[in-house]
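Two complexes follow with chain A in common, the first pairing it with chain B and the second with chain C.
Moving on, here comes the complex of A and B:
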C-alpha cells in the first residue's frame, strides 16, 4: 500500500492532493468498456430479446442492488480495507425492517410510521457498526477483514434470531414500489443506482473527502502527516458502505416482498468481483467509481445474456471466473506497460 | 485439598453418567442449514421429545461437512442414545462419522435424505420426484383446460441444481414427466437459483427472451417466489407452478392476480416428528419401519378451502 492514484491505472508514491487529478480522457483507460461494448453488440445479434427496452430495464434493475453496495465497497477498497459483512448485513437489515414493521403494525401503529421507524433504526445501526469498524481499525489496528468477519456472523445470526428462520411478510402494497415500481417506465432501483453512482463518482473526484480516501489507502501515515483525519475517513467510509447496504436491503425486501434471513449469501463476493473487474485494487489506493459502474454492468449484462441464451448454470460459473481473470490480467498488463513508461 | 479437588473432578465427570442413569433418553437432532424446512423438522422432533420426556439436543452443521463430522463425533463422545440426522453428503463423506457413532451403540435415524449404508435403523424422507409430480399433475390439468388448441406450449423452469443437484433434478424430472407427453409442450428455458432475490432476475430475463412463454415452474420456494414476482412485474398472465409452501406462497395462492396456480410441499414437521418417534422406538427395542416416505401436500388455487385451511397452520 504505497501508492495513491485516483486514476486507478498509474504508479508512484503518495502525491499532493492537487496533483492527483487525472486527464479527462485516455484511450488506454477504456479497454474494459471496449470489451463490454463488443459483448453488447454480440448479444444484440445472438440473444433473443437482448436489445429491447424491457431487457435493458431488467439489466439496470438487476445491477442496482449489488451495484449500490459496490460503490460503497469501492471506497472501502481504495482505503485499503475490506467489508465482507455486506451480504449478511443485507439479510439482517431486511429482516430487522420486516420485524419492526410486523411488531409495530400488530401493536396498532400505521404501516407508514412503522416502516419509517424501521428504516431509521436500520440506518442508525449500520452507521454505528461502520463507525465501530473504522474505530477499531484505527485505534486498535484490528484489520477490517476480522471485524467485518465478526459482523458477517453477527448479522446472519441476528437475521435468523429476529425471524426464527421464517420469512416475515408484513408490508403494505405501496412498499413494493421500491423493489418493482417504475417511473416513466424506468425501474425505481435504476434511479437509485444512478443517483448513488453520480454522488459517489463526484465525491471520489471532486471532494477533499474522496481525495483523502485515496491518500489514506495509498499511505495512511503520509496522509496523517499531511493533516488528513485518518480516523474520521476510516469511520466515514465504513459507515457509508453500511448506509448503502441498508438502501439495498430496503429494495431487496420490497422486491421479494418479505424479510428473509437467507438473502444475500455470497453477495460480498459479487460486490467485490464487480469492483475488481472495474479495476479497483484490493491493495488500496487505486480504483475508480466509474470502473465499478462498468464492472457492475459487465457482470449484470453477462448474466443476463447467458440466461437469455439459456446457457447452463455451471457454464455461467466458468464464464464469471474467466471474466474476473481476464479483467485482472488486462489491468496487470496495463500497469506493467505504465511502469515501463 | 488434593482429595477435595479429586472429589470435585470426579463429581464433574460423573455428572453425565448420573444424568444418563436417570432413565431419560438423550437424542441429538442434526440439520445442515438454518432455513424454514430444517427449523420445522426440529420443531417436529421437539414436539415428540417433549411428549415422550426425551432430552433433545440440536445442532446445525452450516453446510460444512467438516462441521458435520465434528458434531457427530462430539455427540458420540458425549454418549447420546440416538442421533437423528440429515446429511450433507449421504453418498460418501457423511458415512464414516455416523458409522463410528453407530459402532458405539448409538442408534442412527436418517431424515430428509438417505445414507448409502444399511446401518441406520430408519430413514424418514419425502420423495422429491413425487413432489415434482404433484405439481406436474396440476400443470397437466391446467394445460389441458387452458391450452387445448395451442400448437406449442412453452415452458420455463427455475431449478436450484447449482446448490443441491440430485434434489433439484428429481423435482424437475417429476414435474416434467407429468407434462412432457402433452402434444406441443416444449421446455424453452431453464435457469438455476435457489434464492428469490436471484431467481426473480433470471425469471425476468427468461420472460424477456420468451415473451410468449406459457407456463413457469419453480423447483423450490426461491425459484417459485422469483417466478411469481417476475411475472407480476412483467404484467403478463403466465401461470406459475412450484414446490414448497410458506406464508408468502400461501398468500400467492390466495391472491387475485391468478399467477401461482399450485404448489406441493413437503411436511417437515411430520418428517421431524417421525424421525424422533423412530429413534425412541428403536431405543425401547420396538420395531420401526426401515424407510418411511412422507407424502407431499399439493395445494391449488382451484381448491380455496384447502388453501384457507393450510393457511391457519403455516407460520
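Moving on, here comes the complex of A and C:
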C-alpha cells in the first residue's frame, strides 16, 4: 500500500508540475486582440482621418467615460451579479454635484469647497447604495438585477427632481479641466482611464480580495464554506462600481460643463457590451480586466471608424448587435472546445 | 388487465474502466411481488438501477420483460418497455397541482384544433389513478403544499400512471419522517394487486420486513441470492450482504491523548438533532455511524458553523462558542471537508492551485496581496504530500478524478493548519486506492496529535479507521463502539438499525 506523507518532513514526491509547461504564447488566447489590430489597420487605410493624433485622443476621451465604469462592471459580472443603474447613476451624481455646488456657492461658499463637498457626498451615496444592493442580495437573496432596476428608476427620477429637468451650470473654469483638459496633449480622462485600469487589473490578479471575488462568482456556497466573507465581497464590489460611476460622472459634468439629467441613457448596455466583448461571463466566476480594456477600445474604435466612414447611425446599432453576438458565439465555442479537451 | 409481469435479468455485466460494477448478474423478479434489493455501497445496486432505467447501457447481458428482450438507448426506451423508476430526489414541479404533475406532457385536449387542455378530464383521470392506489390527496392541491412524504407518494402515482410492468423504488423513504414512511409503505403494498414487479431499494431492515415478499442481495456486482421474507432474519441478510470480510486495521501507534480538543454539550437543532454531547481528544479519530438521514452531516455542519444551531455549547481548543460561523471556527482551528465536494467543497471553474488556497487565502496572501508566486509553493506542497495526480496545477479542478478532487478539498483545509478536522463522507465515489490514501491522511493527522471526526455510510471503513464510533439515529446518539478493532461489522450494522438490534 502507498503511504502518503502528511507530516511534511519527508521527501514528498513533487508532482511533475514543470513537466507540462504551457507554451509562452498561444495565438488562440489573443483572438480579440488580433481582430482589433486587424480592424485598426483596416480603418487606418480606409477611414479618412482615422490614423491621426486628434482622432486617437478623441477615441480615448470617449472610451474613458464608459471604460472606467466597465472596469467596475467587470467585477460585478465576475461576482455573477449585474448593475443596470450605472447610466442613471451617472446622471444623478452629475446633477447632485451641480446642485450642491450651485446652492453652496449661492450661499457664499467658495466653488472649491462646494465641489469637494459635492464630490464627497456623491461618493458617500454611491457607496451606501452599493452596500445596500450587496446586502439585500446576500441576506434576502434579491437579485441585483431587480435592486439595480429600482436604483435605475430612483437615480433618473432623482436627477430630474434635483435639477427641475434643466441643466444646472454652476462650475468655475478650472473644473472644465477634468473633461476637456489635456496633459502633454493627452486628454485628462485618458489618464484616469489608465489609472483605473491598472488598479482594477492589479486587484483582479494580485489581491486576496480579487481572488475572493472570483471564488464567490464561481461558487458562492463553496466560498462561504471555505470561510470567505461573501457578504463583504458582495457589498464591496457593488460599492466599487458606484465609486467608478461617480468618477465618470465628474468627468462628464466637466465635459458638458453642467449637471444634466438626460445624460447616460443606455450607458449600462454600452458598459456591459464592452465587458462581454472582452470575454467576461455573465454567469460569474470568469472574466479579465484586460479583456474589458480591449473590449472598451474595440467598441470605441468600431463606432469611431463607422462614424468616419459616414455609416448611418442606425447601421451602427446593427453593427453593435453583430459584435455582441459574434463575441458571445466565439467565446461559447471556445469554452465548449476547452471542455471537450 | 394483463397477467402478472415478469422481469428476467441474465448475465448482466457492466464494466467501467478498472471496475466491474455488475459482474454476470442474473435474477428474476415476478409481478405482484415486492423485492427488497439490498447490498452495501459499491455492490452494484445503483449500476443495476441505471441499467434498468436506461441511464447506462450494459456491457453485455440481457433484460427480458414478459419474455421480450429489451434494449434501452435512453430512459425513454425503458419507460416505453414498461419500466418506471422513482428516485429519492423528487422530480415534481412545486407550483403545479398534483394532476398537472402527473399528466405533464400528455394532457387530454379539447376544443378547436385540440389545443386547449381539458382540465375536467385531466383531474378526473388523475382522481381515478389516485383512488385505485388508495391515495387520499386532492388532485388540485399544489405540490408545494404537500409534505415530503405526500410528494413521494405522488411521485409513485406518477410512475404508476404510465402502467409500468416493473417499478423501481430507489430509497424512497430516506428523506421521510417516521409516520410518513408508514403511509408510503401502505401505498407500496397496494401496488402488488396491479401485478407489477416491484423492486424496492432500501437500507432499513424494518421497512423490508413490513413490505417485502423477497429479499434479493447483491455483493460485488453479483447476485448472492433471493430469499423469502420469512427466512430473511437480520442475521441472514447481513451475512449475505457482507460475506467474509477481512478488515484492515488502524496502525497501532495512534494514541489518543488526554487533552480535550472539542467538547460539545447538549447541542440541538429542531427536526435535525438533539441532546448531542461528546468529547473529542487530541489524536483521536472519532467515527459517527448511522443510516442516511440520521443527522450526521447536519450535526457536523452545525458545529462547523455552516448551518445555524438552535442551542448548546461548543468548546473548541478551550474557547467556548455559542454561535459558530465558518470564519470563526476556522480561526479556532476547525476544518471540514463537505459531503458534497463538487458543489460545496470546490469551485469547479477555478484552478487546482486556487482551490488549494481557498480556505487560507488570508494566510497565503501577504497583507492582502496575492499572486501565483505565493500560491504555487502551497499548491506544490499539498500536491506532493497528498499525492494528488496532477499534470498542471493551473488546470481547472473539474478536470480531476473524484479521488483527486477529494484530496484537493483535504489539502485546502489542511493548509489552514487546523487542530480538528471533520471528514464528511470523504470516500464517497472514489476508488479504492484513493480511499486508502484518505485513511492514511487521517492516521497521519492523528499521529501529529490532530483530532478527526469521520462520518461515513460505509461501516467497515469506520471500523477500519477509528478509535471510537458513535452511532446516530433520528438525530440522537443511541450507542457507542469503544473497540472498533474487536467489533464485527454485523454488530455495528445491527446497532445502526436501532430496534433491529434487539
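Just so it is clear, the second predicted complex is superposed on the first by the 315 of 341 C-alpha atoms of A that agree within 3 Å, B and C clash if a C-alpha of one lies under 4 Å from a C-alpha of the other, contacts with A are read in each partner's own complex, and residues count from 1 in each chain.
Note that contacts are C-beta pairs under 8 Å (C-beta built on N, C-alpha and C of every residue); 3 or more make two chains touch, one makes a residue touch a chain.
Nothing here was measured: the structure is a model prediction, and the numbers come from that model.
Participant: A:180 contacts which: chain B (first), chain C (second), both, neither?
Facilitator: First partner only.
Participant: Tell me which partner A:227 touches in the superposition: chain B (first), chain C (second), both or neither.
Facilitator: Once the two structures are laid over each other on A, A:227 reaches chain C alone.
Participant: Is A:215 contacted by the first partner chain B, the second partner chain C, both or neither?
Facilitator: second
Participant: Touching A:101, do we find chain B (first), chain C (second), both, or neither?
Facilitator: A:101: touches no partner chain.
Participant: Regarding the shared-chain residue A:310, is it in contact with chain B (first), chain C (second), both, or neither?
Facilitator: Touch status of A:310: first partner only.
Participant: Could you say whether A:286 touches chain B, chain C, both of them, or neither, answering first, second, both or neither?
Facilitator: A:286 contacts chain C only, not chain B.
Participant: A:167 in the overlay: touching chain B, chain C, both, or neither? Say first, second, both or neither.
Facilitator: Touch status of A:167: first partner only.
Participant: So in the superposed three-chain picture, is A:205 touching just chain B, just chain C, both, or none of them (first/second/both/neither)?
Facilitator: Touch partner of A:205: chain C, not chain B.
Participant: Can you give me the overlap between the chain B contact set and the chain C contact set on chain A?
Facilitator: In chain A, nothing is touched by chain B and also by chain C.
Participant: In their shared complex, at which residues does chain A touch chain B?
Facilitator: 47-50, 52, 54-55, 58, 61-62, 65, 160, 164-167, 169, 180, 252, 255-258, 260-265, 303-304, 307-308, 310, 313-314, 317
Participant: Note which residues of chain C are touching chain A in the complex, please.
Facilitator: Chain C residues touching chain A: 306, 326-327, 330, 336, 338, 343-350, 354, 357-359, 361-362, 365, 368-371, 380-381, 383-394, 399, 412, 414, 416, 433, 436-437, 440-441, 444-445, 447-448.
Participant: Which chain A residues qualify as touching chain C in the complex?
Facilitator: 1-8, 12-17, 19-20, 22, 205-212, 214-215, 218-219, 221-229, 285-286, 341
Participant: So in the complex, the part of chain B that touches chain A is made up of which residues?
Facilitator: Its residues touching chain A are 34-36, 38-39, 161-162, 188-192, 195-197, 200-202, 204-206, 208-211, 222, 225-226, 229, 232-234, 246-248, 251, 315.
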